[in-house]
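Letters are used for the chains, namely A, B, C and D, taken in the order the chains are written, and counting of residues starts over at 1 for each.
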Amino acid sequence: MADNGDDDNQYRIKEGDYVVLKRGEIFKAVQIQPRKKVIFEKQWIFLDNAVGQLYSTTFEILSGGNLKPNELKDSASPLDAVEAGTDNRNIVDDGKSQKLTRDDIEALKEKGLKGQDIIKKLVDNHATFGDKTEYSQVKYIKKKKKKYENTVMILKPSCRILAMMYHGREPGKICHLRYDTLAQMLTLANIHAGSKVLVFETCAGLVLGSIMERMGGYGSVIQMYPGGGPVRAGVESFGFPAHFHDTLHEFPICHVNALLAGTLDTSAKDPTAENTHEKQLNLAAEKEQNQPEAEEQGTPEEESMETNTGDDAGQDVEKMEKDKLKEAKAQVKKLRLEEKQRRLAATAALLKGRNADGLVIASRFHPCPVLLGLLKFLSPSRPFVVYSQYIEPLIECFKKLRECGGTVNLRLTDTWMRHYQVLPDRTHPLLLMSGGGGYLLSGTTVATDHSKPAGSKQAEEPAPKRQKLEDTEG
Amino acid sequence: MADNGDDDNQYRIKEGDYVVLKRGEIFKAVQIQPRKKVIFEKQWIFLDNAVGQLYSTTFEILSGGNLKPNELKDSASPLDAVEAGTDNRNIVDDGKSQKLTRDDIEALKEKGLKGQDIIKKLVDNHATFGDKTEYSQVKYIKKKKKKYENTVMILKPSCRILAMMYHGREPGKICHLRYDTLAQMLTLANIHAGSKVLVFETCAGLVLGSIMERMGGYGSVIQMYPGGGPVRAGVESFGFPAHFHDTLHEFPICHVNALLAGTLDTSAKDPTAENTHEKQLNLAAEKEQNQPEAEEQGTPEEESMETNTGDDAGQDVEKMEKDKLKEAKAQVKKLRLEEKQRRLAATAALLKGRNADGLVIASRFHPCPVLLGLLKFLSPSRPFVVYSQYIEPLIECFKKLRECGGTVNLRLTDTWMRHYQVLPDRTHPLLLMSGGGGYLLSGTTVATDHSKPAGSKQAEEPAPKRQKLEDTEG
Amino acid sequence: MSFVEYSDFIQDGDVAILYLSHNNVMPVKVQQGAQTQTRYGVIRHSTDLIGQRYGSKVTCSKGWFHVLHPTPELWTVALPHRTQILYTTDIAFITMMLELKPGSIVCESGTGSGSLSHAILRTIAPTGHLHTVEFHQQRAEKVAEEFKEHRVDHLVTVRNQDVCKDGFGVTGVADAVFLDIPSPWDAVGHAKVAMKKHGGRLCSFSPCIEQVQKTCEALQDQGFEDISTTEVLLREHDVRTVSLPLPDFGPDPETTEEATPAAAPNHASITLKTTTLPREMPGHTGYLTFATKPRT
Amino acid sequence: MSFVEYSDFIQDGDVAILYLSHNNVMPVKVQQGAQTQTRYGVIRHSTDLIGQRYGSKVTCSKGWFHVLHPTPELWTVALPHRTQILYTTDIAFITMMLELKPGSIVCESGTGSGSLSHAILRTIAPTGHLHTVEFHQQRAEKVAEEFKEHRVDHLVTVRNQDVCKDGFGVTGVADAVFLDIPSPWDAVGHAKVAMKKHGGRLCSFSPCIEQVQKTCEALQDQGFEDISTTEVLLREHDVRTVSLPLPDFGPDPETTEEATPAAAPNHASITLKTTTLPREMPGHTGYLTFATKPRT
């Protein structure tokens, strides 16, 4: 494969790459590290052999956990094509339908039969498989696949894959933000290269990373973060080139009022003097980061260090990481605080003009004060979008925005998503669907008319089409 | 058709029958009355010629508004089968596609061509009809049908037809209750012959009538009504046989507390003495009945008279209706009050045992106090169902019921309904769907455990599967 | 007790429903002297059930629950699955759209586990009749037995035959026909034969769109009118109280009226009542195709 | 102004969006000396628009409205319909599922009214390219003109040809292909040719399930993987305040703690904030079939 002579190099898996493991609908984001054990679907895997292979290759997991490129594709398996009985009227379930015994199966495994082949054998030896309803067939195959399949595909990460992964594996970490809802957010906020976007999220960095992907390293993203430090595990998983991180800035929301009032002190101070305040922040951060990072990715503190420290401090950090000595940590903290202050000043400068091009909010905080506070940093005629798992807080946002003025084009929406099975004579919507994908409030800022009081009705939609706000008749 | 010799007689339209006019998806409930003008889809119609014909016959509307039985069926018209272009890429819209002029069409009409044939001609003479997308074709035919079709089908009323009619024509009158939601209510409340059902509705009588249809004249229905009198226009439209009305009782909710306390005075009094109280009630009724009755069905007062007065008073009422003299009205009021008091006593007796078999609520009132008040009249192990156009009041009901105990099997649901176009190579969901059908809270009563305080957590679901009521993590 | 008539007290021979928790219900045949094991401990029918009021609480060694009067809806949740079954949401819609009511004559195939059958019987009692056809012999026998236990056997005739070959076994009597079979198009002709001369309503339930397409074609060929296909899905909302923290934007040096209206300094939070939808829910049961048989 | 870059002030030659009300927006080509008639009166470009800030309020004789900077999403609502168009909900999902980002090379057919094209261009700028194929000549010319007016013409090549016969006019360059044509199965082979050797993503939009079935078959035949069909629907919630009257159960002679907790005597009512769904909403736009082209 190496002698294709085209630009394959960019598609090859390299050491240190952030990749996504895939089996069926199961995804997992990991980093390729030498002799590092990775658990995937209850199996130990070493990814070393993937290095140098092309992305999207399917590997067989050998005993011992090493990978071997597989000729068989993980895609639509021939099993899906088994003819289904559309009714199970002939089935008498006596528990004797499977003719292969446990021992038979073990023997097959020892003979080195691959998972997919074992399942095929199980199906072939199932007396009444063809009579099962399609639903039962799918259930059966899924169960067996989980048990016997031992292949894994290695993918290059993308917003699509990571959003599906988080939604499937750890929806609690991303406020149950469904991937189609995230898709709406990116589009409604008109995220694109060259703009200056404000993000407030507690979605493990998934939203932030998705925005950075869409900006392609052009423009700036300012992460407004609560507590002691920004959470960015999800951003790492995107595996962006280094220069993308130059476009990423962060600002603690606890300084928002000071910044708005013009009283924010961004001069570099002796960090020890700041200590008590910072300590408080860090305590708060620990409390608030009740979103544990992905298994392989260390503690939140290491995380933000990796991201926050520039090249200048990089070597020190590496050394200290190995030592993990308490004294060293204090030194790191000091460096970090200095760096933080420098960055704070830089970000404050970016925000001061109140001329951001977009605002995206997706957090476990009440969106109303967040939105009203951060909206002030946007230029007129710029989109914003707020996600919430619940509709009620967005209803409140909607009402407040109508009262305050300064926005038009307000919409409170959700999306309904349905997947289909398309097979000859067996086409139908999937039997299971996601219950809800959360709600979005979106709108566009406009210039506020200072000649009128902010609470004036005039600031809302033009009169002729004013929405009926009161309705007692129902 | 008359000489078929079978039991056709029960299927024949008779004078005085309540029927439903249908054209396409448009329904209208009317009564067959001699020389009575009826407006349907902006056309004047006389229904006299329908008398003696079979139900489900399609009639042509002749000039002058008289009906003539039609051989052509109203069903799937051959127009639907026109081959659709799946893209409109070849259309250049120059406004010259239709080759028939207005004069041509008028000429066709004068020649006595039927609506359907005119539309067929329009389609045939439309240069690019076949190139239009299906969506445009449907829109075109719908528009033309509305303009040129002049047939009407006469149907026997049913819960299905009337529920669809109200939802399509006057959703505001029935609190936007969608027919599939009504279907859920009837089933969730286990409505069936022989039971004793409590109904509180402000849906023009549609819910009440649907329940009566399902009870088939067996058992009893008690309408708990707000204000001065029960609203029952919708019940009339069902055209029930007279004996069905014997099973219908009513009780004003303003006496609920008195009844529960055992202080309700149901002895027949001199109605004039009651006058001030009744006057208040009537005033309230007029205020609350902001649901005007169907066009042909007179004022609410006449309405409830027709229903409330038994056979004994029937002739008097008829006479007075014609006179409409003020003095006569006073007399009617007196009779009505006496009758009302008698009926109140009878209904109170039915309720006193607190052993009703079901409770159905669908109103514009806040459902929470209504439900908590009326639930007391149910036996243990009986279903109840509450409809609301909004979810928030039902969330409150749910919480209150959990606190109070005495109910299990609580579910807060809504249904999502989708219609399909099924045509060769053009199968897809309809392009328009109903936004929402409202929400239902349903549950089952259980015996309250008087040894424990009513507010005790013990009264809720059994402990092992207690629902997680608090969730801060989201 | 009967599935078409309420009783107040549990009697020997009744079928009662133990309501253990949301979505966990268990039917029990009440028999003098019998015992039933539940996850909350043993219940003794003679003392714990017989003579008790329906809706009563029963306390066992490890917990308590309620005994409920059976209804077709509880039965649908409790019944032993011998096939895939129809659930209440579809059943409710079918019942309305077929215009079922006391006195209706209904044909059904297949009977399956009897989930829909019980709901039909409830609605057409006391004067209607259900003719239900089941291909599978054991199932036909089992469901007939259940009808007897549920005291609705006088309202139903169970036939063990192939509806596509042998039809419903009745002619010109049905007000409504329901089909839930793999190839409903093969039964449309038989349905027409079973229906009243004056006409009636038909419903066919199919999971796949290709089945719907063939069925609609057959219905049209057989002269059925008002053919329409609908899907109904239930969404169950989970009621919960959530607490949303308020952001801390820091001390507000200006304290103008405009600044951050709801921002509270001490990590305050707002509690609200809301609902969430389950992460996964039924996304499809089947397409319901309805049609009207005109007078023939 | 450009569709891929924000400006702060309106300039001569810009395309601005007049936001008149919810769902009523109007694009206007800004020209020194020109006038535009709106339902609120005439606006004079030289004084009312040029030099003004985007987002400003413009007051006319009969009312006022805001002038907005164009975005692909506003354009989708404002654009002159020459065909049926794709709307933002589908567009957003397509953009994510095709993995579009700055630098992506995309093929599209048909261009139609350019609703999706603008969204693609916004996302792939400044380094990507869109090859869009439109069968209909006038439409191809019109959309090319719009791309120029919107200052995105350097990012797009419009071809007027039949994609099913002639393909996309490029080979081995595309990261993603989008099809919105009556017979997408006829273009699947051409899509494959247009895509990068390493692979890429494809999406086909079709309103009818039969089109989806044929397309899935063609995709499978051509070796595409991960074929999946999805539908996405938007629900727009109407925020409103409603007042629900409380029932009057009459005077409560006992006034025990148990009785009618919330019943108020004087026809009081409770006001609450809620949302309703529109009576009618879009029930279907099309099925979106996605697939991955593997390395070939």
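Here is the rule we go by: a residue touches a chain if its C-beta (ideal position, glycine included) is under 8 Å from a C-beta of that chain, and two chains touch if they have at least 3 such contacts.
None of the values given here were measured: they were computed from a predicted structure.
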Subject >> Path length in steps (a step moves to a chain that is touched) from chain C to chain D >> reply: 2
**OP:** Kindly list the shared contact partners of chain A and chain B, in label order.
**Re:** C, D
Subject >> Chain pair, A-C or B-C, that carries the greater number of C-beta contacts >> reply: B-C
Original post:
Between chain B and chain D, what's the gap in Å when you average each chain's C-alpha atoms?
Top reply: 39
Original post:
Distance-wise, how many Å sit between the C-alpha centres of chain A and chain D, to the nearest whole number?
Top reply: 24
Original post:
Which residues belonging to chain C are in contact with no fewer than two other chains?
Top reply: 209, 235, 242, 269, 273-274, 287
Subject >> Of all residues in chain A, the ones touching two or more other chains >> reply: 176, 364, 389-391, 418-419, 427, 474
**OP:** Mind listing the chain B positions that touch chain D in their complex?
**Re:** 85-90, 92, 133-135, 171, 176, 226, 253-258, 260-261, 263, 284, 364-366, 368-370, 372-373, 389-393, 400, 418-419, 425-436, 454
**OP:** Report the residues of chain C in contact with chain B in the complex, numbered from low to high.
**Re:** 4-6, 8, 19-22, 24, 39-40, 53-57, 63-69, 71-73, 88-89, 91-93, 95-97, 99, 101-103, 119, 122-123, 125-127, 197-199, 209, 212-213, 216, 220, 225-243, 269, 273-275, 287, 289, 292, 294-295
Original post:
Hey, which residues of chain C end up touching chain A in the complex?
Top reply: 83-84, 110, 135-136, 138-139, 181-183, 207-211, 235, 242, 244-254, 258-264, 267, 269-270, 272-274, 276-285, 287
**OP:** Mind listing the chain A positions that touch chain D in their complex?
**Re:** 6, 8, 11, 54, 56, 73, 75-76, 158-160, 163, 179-180, 182-184, 186-188, 190, 192-195, 213-218, 355, 357, 379-383, 391, 395-396, 398-399, 408-409, 411-420, 422, 424, 427, 439, 444-447, 449, 461-465, 467-472, 474
